[in-house]
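Written below as structure tokens is the structure these notes are about.
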Amino acid sequence: MRIAVQAAPFDQGAELQAFSAAASGAGAVVSFSGLVRDEAGRLSALEIEYYPGMTEKALASIAQEAVSRWSLLDALVIHRHGRLLVGEAIMMVATASTHRADAFSAAEFLMDYLKSRAPFWKKELLADGADWVRAKDTDENALKRW
Amino acid sequence: MRIAVQAAPFDQGAELQAFSAAASGAGAVVSFSGLVRDEAGRLSALEIEYYPGMTEKALASIAQEAVSRWSLLDALVIHRHGRLLVGEAIMMVATASTHRADAFSAAEFLMDYLKSRAPFWKKELLADGADWVRAKDTDENALKRW
Amino acid sequence: MIDVLYFAWVRERIGLPRERIETSATTVSGLIDELCLREPRYAAAFADLAALRVAVDQELSAFDAPLQGVREVAFFPPMTGG
Amino acid sequence: MIDVLYFAWVRERIGLPRERIETSATTVSGLIDELCLREPRYAAAFADLAALRVAVDQELSAFDAPLQGVREVAFFPPMTGG
């Protein structure tokens, strides 16, 4: 299980390849990557703030929960902070399991918790100002299914 | 949308990276990779048979259905045939959408249909013989949710 | 003349991957009946239709599908892709 | 002495990312009341508690959480990771 909170860009392809190669015995690997959307051309950059110390702990605890609930062979969480440009990968999660249903469910669980329970805050830097992204009710509600 | 049915191995990392880079405007990318499991050390190789012509058509039609049902920005399906060794990637799908729920649902839909409706047949080459993999009721039942 | 294709254990049981068949059958079921009368290996392959699937001109079909104008019929076990 | 941290627009509204505070409050709510009495920028930041979350020693907590033995309290809006 690897948790990384970093300012540096990462190569999601290389990460998936390494994760998959290391998950020996796995039959199913699911990955999710979140990318910076251009918001119809309005966005110039995304600024991500986090809580050093708490963020890493929260991610490790969410990942540990996923691993034990779905008997995952492995899990990966990478999340960037700082300034990101349109098209860049903000974060990725990957899960490895024997059968596909577990890897899919665990990846969705990780994403739902990461959206609303991991201490990250996004600010959109727009042509005409800057806005903190508001948490969505749909994201909070998504937690109820687990 | 790219559909590939091939004997050659593929690099899932490079495929994910290229897919993600090309899916301009996407906020969410989900990938699934199916790997050859060693079945507790019993498996020496997997032999995959397909139906040239029908297989490609079936995959294109499943992917097209996913793209239109979830308004995907893009979809990718790669599936190998022939002899595969333990740990090798059998296939992968990837989906790109604006929000994560669509990419996840579409990837699961693709996998469920690919398991039971795409003309591939797996034969396990074991230390003590060879067995055609039996279709699972759980896979057939998984189709009912869509 | 129809191209008849066999895959996976159906292919192994019948002993060939494809053959061209002159048939007077009007449905897939009729074709299966004709094949079963030929030789025991066909009867063995088609013994349990619930364990088989059929594609007519590369589309999954029912066993009562008509054969008129059809160029290709394929028999195989349930698919196990992914 | 407690380290009090602010993130996102709470940090911007209060104008600093963290401060050490000498407090006699026994709960998070008590601490918020003390802060609000200090200066209008605090009152502005804490005007709508429903729009805020609190972490006590880096664990998400309720506003009535006790402060005894606590080293670090953080205030921030609902999280928007992923």
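Each chain carries a letter (A, B, C and D) given by its place in the written order, and its residues are counted from 1.
The criterion applied here is as follows: a contact is a pair of C-beta atoms (placed from the backbone, for glycine too) under 8 Å apart; a residue touches a chain by one contact, two chains touch by 3 or more.
For clarity, every value in this text was computed on a predicted model and none was experimentally measured.
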Path length in steps (a step moves to a chain that is touched) from chain A to chain C: 2
Chain D and chain B - chains in contact with each: A
Reference chain A; chain at largest CA-centroid distance: C
Centroid distance [mean C-alpha coordinates] between chain D and chain A, Å: 26
Inter-centroid spacing, chain D versus chain C (mean Cα positions, whole Å): 72
Rounded Å distance between chain A and chain B, as computed from the means of their C-alpha atoms: 23
In chain C, residues with contacts to at least two other chains: 82
Residues of chain B engaged with two or more neighbouring chains: 34, 100, 111
Chain pairs in mutual contact under the definition given at the outset: A-B, A-D, B-C
Chain B partner contacts - residues on chain C that touch it in the complex: 5, 7-9, 11, 55, 58-60, 74, 76-82
Complex contact set, residues of chain B against chain C: 34, 49, 51, 53-54, 57, 79, 90-91, 111, 114-123, 132-135, 140
Chain B - residues contacting chain A, complex: 11-18, 20-21, 23-38, 87, 89, 98, 100-101, 103-104, 107-108, 111, 142
